[in-house]
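In the two complexes that follow, subunit A is the common piece, with subunit B as its partner first and subunit C second.
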Partner chain A sequence: MRWLLGKQPAGTAFVTPYVVFLAAVFAYPLGFAVYMSFHDYFFAAPGAIVDRPFVGFENYVTVLSDPAVRRSFLNVGIFLLINVPLTVVLALLLATALNTAIRWRTFFRVSYYVPYVTASVALVGVWLFLFNENGLVNSILGPLAPDPSWLVNSKLAMPTIAVYVTWKQLGFFILLYLAALQNVSKDLYEAASMDGAGKAKSFWNVTVPGVRPATTLVVLLATVTGANLFTEPYLLTGGGGPDGASASPVLIMYQRGIEQGNPDIGAAIGVLLVIGVLLLALLQRRLLERES
Partner chain B sequence: MKHKLTAALLGLGLAVTTAACGGGGGGGDADAAAKARGEITIWLSNNPEEVAWGKQMVAAWNAAHADQKVTAQEIPAGKSSEEVIGAAITAGNAPCLIFNTSPASVSQFQKQGGLVALDSFEDGKSYVEERSGKVAEQYRSTDGKYYQLPWKSNPVMIFYNKKAFAKAGLDPDKPELATYDQFLATARKVVAGKGAPFAIYPAPSNEFFQSWFDFYPLFAAESGGKQLVQDGKAQFASEEGKKVAAFWRTLYAEKLAAQEKYTGDSFVEGKAAMAIVGPWAIATYKDKVDWGVVPVPTSAGKPAAETYTFSDAKNVAMYSACKNRGTAWDVLKFATSQEQDGKFLTSTGQMPIRDGVAAAYPDYFAKNADYKVFADQAARTVEVPNVPNSITIWQTFRDAYSKSVIFGQQDPGEALDGAVEKVDQLASQS
Partner chain C sequence: MPKAVRFVLLLVGAFVFLFPFYYMLIGSLQTEPDSTVRGAFPSPDNLTGHNYAEINAAINLGRSLLNSGIFTGGVILGTMVFGVLAGYALARLQFRGRGAVFALMLLVQVIPFQLLTIPLYVMIVRGYGLADSYLGMILPFAINSTAVFVFRQYFLQLPQELFDAARVDGAGELTTLVRIAIPLVKPALLTGVLLTFIGPWNEFLWPFLITKQQDLQPLAVSLSNYLTTVAARAANPFGAVLAGACVLAAPAVVLFLVFQRRFISSSLESGVKG
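Moving on, here comes the complex of A and B:
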């Protein structure tokens, strides 16, 4: 039994349920998705005799030659370029402000967190009220309002969604930064002050390096969340319009895999997305850790 | 976070796992199942009027068949009933009958091995054809069998708001909406006269089924009853299809129709002076809009008696997980008998797909003149084509339509031509 349970049988016993959970809930479905992506696969009734032959990379060729899929990956790239930097900058600045002794601090902290815990469906209504053709934003802008309007403008639809998602999720990332700020030694701020640093210099030379591990986490989480964008383009732009300008890979995956009954194609998109996110995360980690 | 993607993959994986594991009433020996009797479950749509009808139908059946009890429930909540049904087929827990099967999904459910051919019952084919007449032909699958019983239709027509028309200086009793030119002139007057911000407001979003409520009814009318795909070939890039596309493009280009999705009911809320919808909506409009109704327009203004439209039908199908198919078949016939169809019509205002529906229920139509026009229109409806990859075909069409007609990023004619090859290829697959 020793070869099976190792030197610490109790430890192995404690870990086993989680390993089984991971294998059943994450590893097996992921493996099956990869399997599906290499077969002519579709869902069938139990007992139905169906043929699901191995097709090699055929599904990947179909996916990569589909302009809608390529467009969706480009769209999510645009989304990440706007969403991730904006999230990091705003979350850090607001967390720093909320970490100082200001009046109504708790109220503001809760206010920023409310959108994060509110259902997207409810918040989308607010956003539509703001950004539709006759919405508040266009009323304020008057003749400067874009035509076509924000959510039906092929250049502005995805940036509008990116700003919406940033706003919705900001509260969560502010919390991460607030936690990280508690670990930045006050001595460092005092030392910086003694050296004549103002608030801006102190922020740049003490706060930013002090929360670098949190920044790594925020960048990673924002990237992974953004890459899995679905609800917002679906609800805000009615299925990825205009002309697919706001379609995300997960939205296309849903259309192809679930709506159209081609789970093999959906799985191939999913596998490509996983690979893309892993590469991006690796790149970000290298860059951020090298700087530290 | 990774969890959303993982969840999506997990969903795919779990469904497959369930399928692989089998069990759950795969149907067993089809011949034995076709004769088997006993308890069955049926699903109804979530429409309150339909649920009320379903409950009385089930109560009537159960009162006379204590040994073959029927249990009815609403389709479980989900993003769409088609997705819920697809998942139930894969999991092997679909009910015996679903009184809300979308014709567009039948080819997919059939491919999944989820449906029972009604022809497998001795009187299956004859019952379908006798009840529905020649309209039944549109619901026959490519293998020549019926996997769905044509149940009810909601012939799509143009509703208009009489007050909005009057406000814009138009005669609400004689609206000029028969030809494209008349329709456009009326639409311009409605908007210019501030009858409503938009003349008409079909959903401009990109879901595959939205074309059923803008392009398709007008295409059916213009083409004299053609389906989107016929004999394996796309029909939408024909001269008729291009005329329809050009008509809608004009409405969008002149902002007589909106490019933005509206979350409420634009017609009820006065955002649009017209709506393109079936009689199911009358209950919604009651006491809210003073409406009138006309057939969808054609380029030359065909008479109403010659105008086709989209059926917006929902049908009944029997699912292969059903063990007591003998009972299910009898329940299906009972629920679509002339008596039950009459009760359905009375409860919901939706048209049973029966040959000569107006003549079958003269008292009802005498008392409900509003519905008579829909009964007449029901004789000239076009269904979605029953072909492989039906939903993918509709999405392909919608993408081309959306890009060109709604958003004007391509010439509509070119866009339709561009979609033909892919649609033909999809329709030819098995």
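Moving on, here comes the complex of A and C:
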């Protein structure tokens, strides 16, 4: 018995619910998604025996030749091009400013973190109010207001969403950088100032390389957030308009897979999206590591 | 950066982060929507609680909040009970397969959830018939691997002598866990509850997918339905939307303000430990 279960067999009992959960909610659906994407899978009455033939890459061909899907992947690219650099620069800048003895430190940390803990659905309500045709932002901008307005403008809808998400998530990334800044050695700053480096130079030569592991993590997490994008395009731009200019892959996955009843197509979009994220993560890692 | 510049930069930042919250509250209390700059500083005679009544009539706030509460409570309960058991076993018990479970826990964290949305929908809604049920809502979030990992870290920090002593006294593993280990990590477990709270409370996509019946929808879902369908025809749609938004935001924001030290330090820790 001891040989079979180890020294403390109670451990097996303790982890069993967790392992069952992982099998049911991760492993099985993961395999099921791949299976569905290679079969002609459709919704049928529970318990009905239906034939769901293997169709090879047919679903993938359908997905890749769908202009709406291609557009959604392009949209997420636009999103990442705006969101990731903005997140990294602003989070590092604000964290550096916060990392000194400064008045109201707790107040600042709290105010930056509040949007992160708040439901996106609630905050989307305010942003709609701020950025609609007659919203506060446009009434401040006056004649400078874009026409068509932010969220109904096919060039500005996705950038506006990218800025919204940056704003909402930034607090979390500021804290990540704050933690990373604790690990940068004070000696390095002293050495830099001995060498006559100014504040800007020591930021560039000491701080930026010092927090590189955190930057890798921030870039990865921001990319995953971008790939998961659904609530914001669905609510801010009325289902991904105008003309699909702000539709995200998850939104298209929902429309094709559930609204239109083609779960096999939806599953194929999901698989492609995950492959895309993995490739992007590998690429980012290569780039960030080569610099160091 | 000189100190003054830094302070001004932080102040501008804080304004950008806090203004939408202020505007949400003001907007929810205004009779007439006023989107000019003057509207941000309302006169007292333009203030009303009517928007709250309107959103309550449209989506039944009490019921939606109850649904959000049951969903969130179920997720917290599952995460705490099963997460603590698994975290404790991984930290403190020698059993066959421990390494494999640990590796699995780390592996799961890199699987993006969006890939699982469609198959989970097919399984839970079509296969098990759990659409419009609390169980179906809770199931995919019932245990959180990040939480298991964090609990494991807490239990690892306890001294081994305590456990040896308990074993000498003949205590069983469950007794040791409940009587000795849990009381010692109680403050840390509160952090676990708080961090688990924001996930389901703010979650939108999953409950949106599986609840079609209005009286089972959590507030985030019913508010979004109001936003996309009713708002266009209501008298002061933004007023009502913002009133709903305030009700949805309040519990998480209040919990955060009360326990902000715990929230922030645990984020810092997870940042350092990866």
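In the analysis below, the second predicted complex is superposed on the first by the 268 of 292 C-alpha atoms of A that agree within 3 Å, B and C clash if a C-alpha of one lies under 4 Å from a C-alpha of the other, contacts with A are read in each partner's own complex, and residues count from 1 in each chain.
Criterion: a residue touches a chain if its C-beta (ideal position, glycine included) is under 8 Å from a C-beta of that chain, and two chains touch if they have at least 3 such contacts.
Predicted model, so just to flag it, every value in this text is computed and none were measured.
**Student:** Mind checking the superposed model to see whether subunit B and subunit C fit together on subunit A or clash?
**Tutor:** With subunit A as the common anchor, subunit B and subunit C collide in the superposed model.
**Student:** Touching A:Val76, do we find subunit B (first), subunit C (second), both, or neither?
**Tutor:** neither
**Student:** First (subunit B), second (subunit C), both or neither: which does A:Ala91 touch?
**Tutor:** neither
**Student:** Could you say whether A:Trp127 touches subunit B, subunit C, both of them, or neither, answering first, second, both or neither?
**Tutor:** A:Trp127 sits against subunit C, while subunit B stays out of touch.
**Student:** Have a look at where A:Phe43 lands relative to subunit B and subunit C in the superposition and call it first, second, both or neither.
**Tutor:** Both partners.
**Student:** A:Leu221 in the overlay: touching subunit B, subunit C, both, or neither? Say first, second, both or neither.
**Tutor:** A:Leu221 sits against subunit B, while subunit C stays out of touch.
**Student:** So which one touches more of the residues on subunit A, subunit B or subunit C?
**Tutor:** Greater contact footprint in residues on subunit A: C.
**Student:** Pick one for A:Lys7: touches subunit B only (first), subunit C only (second), both, or neither.
**Tutor:** Second partner only, subunit C.
**Student:** So, does A:Asp243 touch the first partner subunit B, the second partner subunit C, both, or neither?
**Tutor:** In the superposition, A:Asp243 touches subunit B alone.
**Student:** One more residue to check, A:Pro148. First (subunit B), second (subunit C), both or neither?
**Tutor:** first
**Student:** Regarding the shared-chain residue A:Phe32, is it in contact with subunit B (first), subunit C (second), both, or neither?
**Tutor:** It touches subunit B and subunit C both.
**Student:** Can you tell which stretch of subunit C collides with subunit B among 110-118, 146-154, 164-172 or 182-190?
**Tutor:** That would be 110-118, the only stretch with clashing C-alpha atoms.
**Student:** Show me the subunit A residues, by the header's touch rule, that subunit B contacts in one structure and subunit C contacts in the other.
**Tutor:** 25-26, 28-30, 32-33, 36, 41, 43-44, 46, 125, 128, 134, 224, 227-228, 230, 238-239, 250, 253-254, 257-258, 263, 266-267, 270, 273-274, 277
**Student:** What part of subunit A is in contact with subunit C in the complex they form?
**Tutor:** It comes out as residues 4-12, 14-15, 17-19, 21-22, 25-26, 28-30, 32-33, 36, 41, 43-44, 46, 93-94, 96-98, 100, 102-104, 106-115, 117-130, 134-136, 139-140, 167, 170-172, 175-176, 178-180, 182-183, 199, 214, 217, 224, 227-228, 230-231, 234-235, 238-239, 249-250, 253-254, 257-258, 263, 266-267, 270-271, 273-274, 277.
**Student:** For a test of understanding, state which residues of subunit A touch subunit B in their complex under the given definition.
**Tutor:** 25-26, 28-30, 32-33, 36, 41-50, 68, 125, 128, 132-134, 148-149, 151-152, 154, 221, 224-225, 227-228, 230, 237-244, 250, 253-255, 257-263, 266-267, 270, 273-274, 277
**Student:** Which residues of subunit C touch subunit A in their complex?
**Tutor:** These residues of subunit C touch subunit A: 1, 3, 6-7, 9-10, 13-14, 16-18, 20-21, 23-24, 27, 35-37, 39-40, 82-83, 85-86, 88-90, 93-98, 101, 104-105, 108, 111-123, 126-127, 129, 139-140, 142-143, 145, 148, 172-174, 198, 201-202, 204-205, 209, 220, 223-224, 227-228, 238, 241-242, 244-246, 248-249, 252-253, 255-257, 260, 263-264, 267-269, 271-272, 274.
**Student:** Within the complex, which stretch of subunit B touches subunit A?
**Tutor:** Checking each residue of subunit B against subunit A gives 1-2, 4-6, 8-10, 12-19, 21-28, 82-83, 86, 89-92, 94, 108, 111-114, 197, 203-208, 258-261, 263, 320-321, 389, 391-392, 395, 399, 402-403, 406-407, 409.
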